[in-house]
Every structure is written in C-alpha cells, then in structure tokens.
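Presented below are the structures under discussion, each in the form of structure tokens.
In the two complexes below, chain A is the common chain; its partner is chain B in one and chain C in the other.
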Partner chain A sequence: MPFAGIDIGSTMTKVVITDEQEKILASHIGPTGAEHRHLALKVMDETIKKAGLSFDALDFIVATGYGRINVPFADKQITEITCHARGIRFLFPTARTIIDIGGQDSKGIKLDADGKVSNFVMNDKCAAGTGRFLEVISETLGIALTDMGALALSADGFVQISNMCTVFAEHEVTSRLAEGAGVAEIVAGLHEAIASRVVNMTRHLGIEKDVVVTGGGAKNQGLVKAIEGKVGFAVFTPPEPFITGALGAALVGKDFYDRGIRPAKERKKEEVTFFS
Partner chain B sequence: MEQAQQAKTTAVKGTDTAREVRALVKNIYRSAHEAKANGQKVAYMMVASQYDEILRAMDVVPLPTENYAGLCAAKRDMDRFLLKAEADGYSQVLCSYARIGLGFDSLRKDLGHIPEGSPDGGMPVPDMMLGSSAVCDPRFKWYQAASRYLEVPTYGIDVVAPPPQDDLNAVRDYYIQYQRDQLKGLIGFLEAQTGKKMDPDRLWEAIRLGDKAWQLWYDIDRLRVAIPCPMPSQDHFSIMVAGHYYSGTQIAVDFYQKLYDEVKYKVDHKIGVIPDEKHRILYGGGLPPWHTLWIFNYFESFGAVFVIENVYRGYDPVEVPSHVKDPVDFLAWRAFLRFTRYHEKARARSGNPIVEKLLDMIADYKIDGVVFHACRSCRATTIGQTHMKSELGKYSDLPMMQLVSDMVDLRDYSEAQWKAQIGAFIEALEARGK
Partner chain C sequence: MTVMQAIDRLYNERGVRARELRADGHKIIGYFCCFVPDEILAAFDLVPYRIQGSQSEPIDEADALLEPMACPFARSCFNLALKDRYDFLDGFVAPHSCDTIERMYHIWHSNKPTSFDHLINVPHMLGPSSDAFFRNELKYFISRLEDFTGKKLDESKLRDAIRLYNRRRALLREVYDLRRENPPRVSGTEITKLLVAGMGIPAAEHIGLVSAFIDEVKKRPRPAADGLPRIFLWGNEIDDIAFVSLVEECGAHVVMDDLCTGSRFFWQDVSETGDPLEALARRYLCTHCPRSLKPQAGNRREDLENRFGYIREFADGWKAAGAIFYIVRYCDTCELEGPDLKEYLTDLKLPVLMIEDDYSTSTIGQLRTRIQAFLEMIM
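So, the complex of A and B:
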C-alpha cells in the first residue's frame, strides 16, 4: 500500500512515496516558482515512475507546503508544520525541537513527548532568517548559493552584519566589502545573523533537546554550525533535509488510511494552479 | 475569492444584540456633533481612564479617539490618516491608534473641515482633550502632541497600579490617596471648562449605573463558560462599546440587560455560536485586528470558537468598603481594587497577574488552545506577550499561537501567513483531541 506526500514549497517541489511499513520507496525534487508550477505534477509523475508504481496505485496523497491548497490530485491538505513534525519524528524519535529553514520562511516547532506539535512559531512576513536572504546576498557576492556554507566555515572569525532587512543587509555587505573585509568573514557574519534570528525565534518556544534542523537551510553546514553555536550543543540534520515535509506528508497519509479514512473525492490529475 | 475576503473586514456576530452595537457607535459621533451644535462640551477621551462617570456627571460628551481609529480600520479607511501622521513626522512604530487620531486632526486642520467621507461623519473639534496614563505611555502624550493641531486645553491624569510584588496593605492608602488627588485635579479642570461645579449626587448616580452595567457584563461573560459557547469574542469586540463608551448611562445598563437575556436563553437552550463546537479558544491578549475581524469566523470554519478574551474586558466586580462615602474616594478605591484583583494570586504562584487571570480563564472556560495577537505598534499589549506565553506554558500544556499584525495598520498584516499559521494551529488542536 503506497502513500505519497507532495510538499510544494516556495522554491522546490518535493515528493516522497512510502509503503505501509513506512519505508521510503522513492523521492524526487524539482523546482517550484511561478514559471515552474506546472512541474509539480511532473515531479509527482517522476517519483511514481521511480517507485515503479502507477498513479492509481497510491492509496492516499497528502499535499503540504505553501502550494498545498490547490493540488487537484491530493486527497488531503495538511500544513507543513504538522508534516515536518511527523517526518522529523519518524527520522529522529527523540526530537523535541525542530528548526525548519525554508526558501521563504523559517519555523520553530516544539514537539511533546508523544511527538505531537505542542507549539510553533514562524518568521514574520520578512525574508530575514530564510533561504531567500542568503540567496539574495550570494547573488550580490557572485558566489554560488551551494558554496556559501563552506565559505563561512573557512572564515577566520566573522564580520558583524547588523541589518536583518534583506535589502539593507545587501547594502551593508557592499559597504563591508568596500571597507576591505574578507568575503569569507562577511559570509560567516551572514550565517551568524540568520542563526541568531531563527534561534531567537525558536527560543520563544523553549528549546529542548534533541534539536533537528531541516529544510534547505540544513544543507548548509555553515548555517548548522552557527545554529549549534547559538544553542550551545550539537543539533541533528536529516540525511536529505529537503524531503522531510514530503516524507511527513506521506506518513500523515498513512496515518489517515490506518484510521480508516479514505480519499473523499476523485483525484484530478491536473497541473497545480496555486499561483493563479 | 481572496479579493472578496479582503473587502470584508467585519465578523459575523453570534448574538442579535451585538448587531445593535453599530447604532451605538454611530450615535457616539452623532452625539458629539449635536453637542457641539448645542454648545455642550465635548472631550476627546480614552478607555480605562477611570473617569467615565465623572464626564457623565458633568455633562461632558465623550469622544473616544481610540474607538475612532478602530472604526476607521473596520471601514478600511485608515491609510489616509496614518500616512498624514507619518508625513507629519510620526514614526510608524508609534501607536497606530494615535497615528490615526493625529493624522485625522492634522487633515482636518489642513482642510479646515472634517475630511470628506470620514467614517460615521468624522470627529468634530473637541473642547478639550483628556489623556490618561492608564494602559500605556502614548496615551499620556498623544493629546499633548495633538495640541499641534488643536487649540484646546489638554488635561492628563495619572492612573496608577502597584506592582504585583508589593504588599497591598502597605501601599493601599498611598495609591488611593494619589488616585483621588488625580481625579480631583481632573474635576477641577472640568469645572473650569464647563463653568459649573460637580454634583456629587449625579456622580453617585453615574457610578451606580456604571457598576450595574459592568456587573451585567461580568455576568454575561460568566455565562460564556457554557458548552457550547453562546457568545464569541467577535461579539465581545462589539459589545464592549457599551461598557467602555457609555459607562455611567442607562443606555449601557439596558444594552447589557438585553444581551444578558439573549445569552442566557442561548445557554438554557444549548444554542452555540456554531452547530459543532470542537475547540474552545482563549484570545490571550493583544488588541484585536480591527482590520480583519472576520478571522474569527475563519477559525469557526474549523470548529474553533473564541469563547473568552483578555483584552477590552470589563473589570471583575470589586467591593469598595462601606465606609467610603465620597464618590471620588469611591472611584479611587474602585480603581485600586480593580487593578490589584489578581495580585495576591500572582504573588502566590507565577508572579504575573495576567498569567493568573489567563490560567483562571483556561480552567473556567475549558479552553483547548490560546491565541495571542502581537500588534507591532501597541507596546502595552505586545511587549511581554512572549514571556507571558512562556510563563503560561509552565502551568498549562495547551497549544498556543501568536499572530502578528497591528490593531489597525494593514501594512503589518499578511493574510497568507495567518492562514498558514491558523491551519497548523488547528492541526495541533486536532492532534490533541485524538
């Protein structure tokens, strides 16, 4: 019995298919963005193909992420907070705090002893503390986004970036460069600033071990290290941080199925229209 | 669909009586215009200043500027006033109620008349402005700043409460004496402005009516412990108009009596706000989002009803000692007792009176989750909210959520983000219910 989770985030669409034993059969990641919205269905098809299944074989499909609302082929929509919690708890049964750093938002999630979401907090209408913040600055610096973390780790100390507004931070970075500051130290400073922002936000919930960092930000080792510096202990990261929301969605789908809930309507195998 | 939701700001009410509040609001501004035309004195005033009955006893017509800001937001006609205040140099982090008020006064002065199409006919130029330190600091300074646009006298009174760790027996006399002096100073000012002495008998009568209305309001809120809840928070944010802007009048008493009867009927007949109440929510604090009150109905679409709230509440009834024979002394005593209502409890446990009040509400109203509203420009109700949330978490394991925007400034609001948060909050409530 296969279950699919599709997580349509602001920059990436992720799909995971699991079986009834909660084993991952296949996963796939593709771009989102306004020009790529039609690709959500394609990412779904690719994953189904990888799993060697047919679309109709899926027993339950749960959509999550910002684009979850208008997924015509989903049986249920569940927020990414619940899905991340389910996915992370599956991977890390002792997790009590989750820090999710996505493309356009970041979240802190607190789990109770049973793994249920007890509290959460999200960044507020601002790119600071999100992947987008680093993306904008990486463009300014002419450095690939994927190289930013390693560059931060190679720095000898860091330059304080005080401005958390993305636009003003960009100005500040340019000014620091003009003053002769090292690129690696500036990048390290940016990572410090993001870590400070997301950790402070998560502190509103009371940070409790174990802490798991997920989302695209968890792929950035410089950022993970900066977060560890702020919380004062080692944190965990999933083997593939991009897909924890989709994994959670697939598992939530299985939970529904196990409780006797079945797809309520006929699925429409159509493109996702969440931006229109 | 999204456009349609944006255009709608108000919430569908749970009670018929709450629907009558719109007329009461209109009457506030109409009465002020009529009073001006008849030569009666009109005063800018603020809620919770403890002087409501004094104004009624002295025939001073109250013109509540904060309410006007909320009205502008509900009508989505706030930007022109906010932008005018900001153009005049007031920061976007200054209380948006104050910015709307100052922007309105500034525009009215520039134009030489009330700005065209102002909600409910706009506010006339008052004869005086009565500021107060109750609740927050901008309220004390707002009317002083408004003097830039208005050549009318301003009087600000200090409204004080001791910190919770104080021994009330040790500080009581001092605080009451100080409050009495403040109120007497105000009365002296009003006597000079109106040219007549305050009549103690009339003040007693206004106090009697004020206390009666507030007792009824309290009784209504106690009825709301019923399951299903008979009256939601969106109604509270309407019906508070009678208690805060008609205090000391028969109008408020009659209104709350009618509302009490309706709510009691609903309780007796188990008529809830929605047919299937799944989750009972406490509005933990922060001024309401006047620009988007329909959000309460959005929660209801998931079976979540806001059954009680911790803002713009009536004070719990207090018993002023019988030896107090002077009405001004009574007001000073009453203020002290109102403000220290949860101090003893706080000293015994959390140290925070608001946390104690919220914990009482959680227990009494069988609350399933708590929602706070952090308002960017309201320091008084927002600073400390995170701490309060965390303190509350020590004594309760309920899901809590903090929505962020502003009470009137729409620029601080994001519908998409709120809906995402609300979705997750509802899922957390549902997960607990399994």
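So, the complex of A and C:
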C-alpha cells in the first residue's frame, strides 16, 4: 500500500512515496519558484514513475510546505511542522529538537518523548536565519551558494556580522570587504550569524538532545558546524535533508490511513495554485 | 433586513449609524479604549462612539506625522481621522490607557481638533488610592462636559444609563454563554462582527440587535460533534474578522476571549447602588488591560493567580484546548505581560501560541502555517 507526501517549499518541491512498512519506494526533487509552480504535478508524476506505480494506486496523499493549501490531487494538507517532526522522528527515534532551515523560513520544533510536537517557533516574516539570507549574500560575493559552507570551514576565524537584516547585512559585507577583511572569514561570520539566530530562536523551546538539523540548511556543513558551536555538542543531519518534510507527509498519510481515514474527495490531476 | 444583515451593515460601514444620528441633531463623541465610561456620555444625551482603525487600509497619511514604530492600531485610527473618516465626531476623548494613546491624543488634538477634546488621566497602579483618584478625574470630565453641553449632570439620568449599559452587558454575557456549547452554534467571527457593530451605536440600539441575535442563534439546529479544538484568544484590538476567521478556517472554534474588543469591555457590571461615580470609577479601573498593574501579591505563583485567575476561569468555563495570544505589534504592555501569562497558562497545561502582528489583513495569511501547526499540535 503506497503513500505519498508532497512538500511544496518556496524554492523546491519534494515528493516521497513509502509503503505500508514505512519503506521509501521513491523520492524526487524539482524546483518551485514563481515560474515553476506548474511543475509540482510533474514532480509527483516523476516520483510515481520511479516507484513503478500509477497515480490511482496511492492510498493517501498528504501535501505540506508553503504551497500545501491548494493541491488539487492531495487528500489532506498538513503543516511542515507536523510533517518534519514525523519524518525526523522516523529517521532519528531519539530526536527531541529539530532545527529546520528552509529557503524562506526557519523553524525550531520540540518533540516530547513520544515524538509528538510539544512546541515550535517559526521565523516566517524575514529572511534572517534562512537559506535566502545566504543566497543573497552569495550573489553579492559572486560565490556559488553550494560553495559557501566549505569556504566558511576553510576560514581562519571569522568576521563579526552584526546585522541580521539581509539588506543591511549586504551593506555590512560590502564595507567589511572594503576594509580588507578576507572573503572566507566574512562568509564564516555570516554562518555564525545565521547559526546564532536560529539557535537563539530555538532556545525559547529549550534545546534538548538529540538535535537534528534539517532542510536545505543542513546540506551546508559550515552552517551545521556553526550550529554545533552554539549548542555545544554534536547535532545530527539526515542523509537527504531536503526530503524529510515530504517523507513525514507520506508517513502522516499512512497514520491517517491506519486510523481508518480515507481520501474524502476526488483527486484532480491539476496544477497547483498558490494562495499568495 | 435580517439581524445578520443589520450587523453586517454596521460592521462593514463603520460610522454609518453615527452619521445618521448626527444628521438628526445628536452629538457624537469618539473615544479610545475601554476606560471611558459610556454611561457619563449617555447621561448628557451624547452618543459614545468607540474609535477603531482599519486593518484593510494601509497607513499612509499618518506616516508623515508619526514614526512607523508606533502602535499600528493608533496610527491607523489617526490615519482615518486625517482622511476625514471621523468628520462626524463632535468630540474626542482619550484615556491615558497607554503612553501611545496619551501621546496620540496630543497629536490628534493638534492636527484634527474637535469642539470637545479631553484626556482622562487613568492611574496605572491599582492600589488603595486609585479609585478615589479616578473618581476625581471622572468628576473633572463631567465638569468639562457640563461646560460643553451647557447643562448640569442629571444624576438620575446617570443611574438610568448605568442600568441600560448593565442590560447590554448582561445580554453580551448571554451571547458568550452560548459559546459554551460544543460545538457552539455561534462562531467567533460572528461574535466579532456583533461586538464591533455595537461600538458605534447607542446602547439601546445594540441591545435590540443583540437580543435579536440571541433569538436567531437559539433557533439554529445543534451541529454534530466535530472534535475541533476550542480556542481562547488573548490580546488587544481585534476589530476585524480576518484573524478570527483564519483561526476558524484552519479548523477550530474560537470560544472565549480576553480582548479589549471582546469580554474586557463588557464583562463586569457597574454597581447600581451607592454613589454612581464611585461605582463607575471602580468598574472601569478593573478593566483587564495589561496597561494596569495590580500590586504584587504573595509569592510568584500567588501573584500570577491574583493577576490571571479570571483567565483560568474563562479557559475552564469555556473548555479551551489552547490559547492564542494575538498582539498588535509594538504594544509594549501586551508584549511584556505575555510571557508571565504564558508561564501561568503553561503551568495549567494550556498550550499557548504567541503571535505578534501588524494590524493589517494583508499580512494575516502568513500566520496560517503557525496557526494550523498549533492546532495540529493540540489535537
């Protein structure tokens, strides 16, 4: 019995299909972006194809992420907070704190001993502490986003960046460069600033072991190291941090199914429309 | 016109009834917050009008005169005044509820003076001397109204007004009692409209509307159990349905509140016996706005109980499964009271979601994920 989770984030759409044994059958990632909205259905189709299934074979489809509201082919929409918790707990049964660094927001999630969400914090109104912050600055510096983490790790110390406002931080970086600071040290400073922001936000919940860092930010080793520096111990990252939300969504769908809940309305294989 | 249509009209066309009354020769007095006794204005045959802002209209003209880091509710009200949306007011009364409103009064007075501008000094610390102090301030307010209207206060009319407003309070509490049902037959969205509709009309008219509303709700069939969580709201000004609708749309029933646009302005009666001014002073000073501070009582736990015990009764009585704090940004008193209240409610095992927002319907959609995740968490 296959279950699908589709996580439509601000920059990427992720789909995971699992079976009733909670085994991952297939996963696929595609871009979201303003010009790629219609691709959500395509990512879904690709994953179904990889799993060797048909659309109608899916027993439950859960949509999550920022684009979850109007997914015509989903049976339920559940927030990424609940889905990340389910996905991370599946991968790390001892996880109690999750730090999710996405493209446009970041979140701290606290789990109780049973893996249920007990509290969360969210930064969803500014780019500070998100992937977008690094993306903007990487453009300013002319460095590929994927090289930023390694560059930070190669630095000899770091330059303090005090502005967390992305616009002001851009100015600050430019003036630090003008003062002669090294690029690697500046990049390391930016990673310190983001780590500080997300860790302090998560401290409102009380940081408890084990800590898992997920979302696109977990792909950046420089950022993960900086977070470890702030919390004072080693954190875990999933093998594929992009798909934990979609994985959680598929598992939440399976949970619904196990509780006897069945798709309530007809699925429409149509493009996803966004609410904002 | 059905009762819901009448409510919708007053809710959508703010000030429509005040304009009609003014055309008939009545004088309309606008005021801020819940510290200005309507009864005193009504005793002078003046029509009290509770000033609101507009969450759907961007603040533009006011930004030329005010800094954007001031309370967006106050800025929005002033913005509407600058755009002559409050040109039907014959007078303008501000209580010193918070520093923003107090300063706002002076800025309003300099830019948009009316023929009766007045600031009421309201003590912040509630102690043995505050009732007497506030009673004196109300006496001064009355003497200024006597000068403005050219007539002496008629004490029997003041007593009548107290009885009239108590009647309205009793009816509104009856509406809130209907919210105890599970699931309730009345939504938080409808309640918000009913309360806002009443802020710009005479009490006698609101009484008619509220009674008709109660009759209408009682005729509705009982809905089947839906298992949706029941939410208690705490915060300041919610004079637009956008936020409450969003919470209910995400799958919840908003069943109780402690808001200055909600229970705070009508929950307690004014005593109908003894000196009416003393009764008014006592009643209005007890308004649960976080701008007022009760003196420290006992240890930490006892102090929190002394300050927030009434909220525990609200949450228990209306069987809330979670509390949402909706704070209009830059409201220092709410933001500083929030953590204490959160601690108190968390100890009572009531989950809390604290939201700070911009007093703008255009940013409310961004709160959807947080609200929905909170509801998933408490389910």
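Just so we're on the same page, the second predicted complex is superposed on the first by the 273 of 276 C-alpha atoms of A that agree within 3 Å, B and C clash if a C-alpha of one lies under 4 Å from a C-alpha of the other, contacts with A are read in each partner's own complex, and residues count from 1 in each chain.
Here, a residue touches a chain if its C-beta (ideal position, glycine included) is under 8 Å from a C-beta of that chain, and two chains touch if they have at least 3 such contacts.
All values derive from a computational prediction rather than experimental measurement.
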With both structures lined up on chain A, is it a clash or a fit for chain B and chain C? clash
Check whether A:164 is in contact with chain B, with chain C, with both or with neither, and answer first, second, both or neither. neither
Touching A:78 in the superposition: chain B (first), chain C (second), both, neither? both
Check the residue A:117 against both partner chains and state whether it touches chain B (first), chain C (second), both, or neither. both
Partner chain(s) touched by A:206 [first = chain B, second = chain C, both, neither]: first
Of the partners chain B and chain C, which touch A:181 in the superposed model: first, second, both, neither? neither
Under the stated touch criterion, which partner chain does A:53 make contact with: chain B (first), chain C (second), both, or neither? neither
Using the touch definition from the top, say if A:66 reaches chain B (first), chain C (second), both or neither. both
Applying the document's definition of touch, where does A:24 land relative to chain B and chain C: first, second, both, or neither? neither
Take the contacts of chain A with chain B and those with chain C, and give the residues found in both. 66, 78-82, 116-120, 122, 124-125
Chain C contact footprint on chain A (complex, rising order): 66, 69, 78-82, 116-120, 122, 124-125, 275-276
Would you pull the chain A residues touching chain B in the complex into a rising list? 66, 78-82, 105, 112, 116-122, 124-125, 204, 206
Given the complex, residues on chain C that touch chain A span 351, 363, 365-366, 368-370, 372-373, 376-377
Show me the residue ranges of chain B that touch chain A in the complex, using the header's touch definition. 386, 389-390, 393, 397, 399-402, 404, 412, 414, 416-417, 420-421, 423-425, 427-428, 431-432
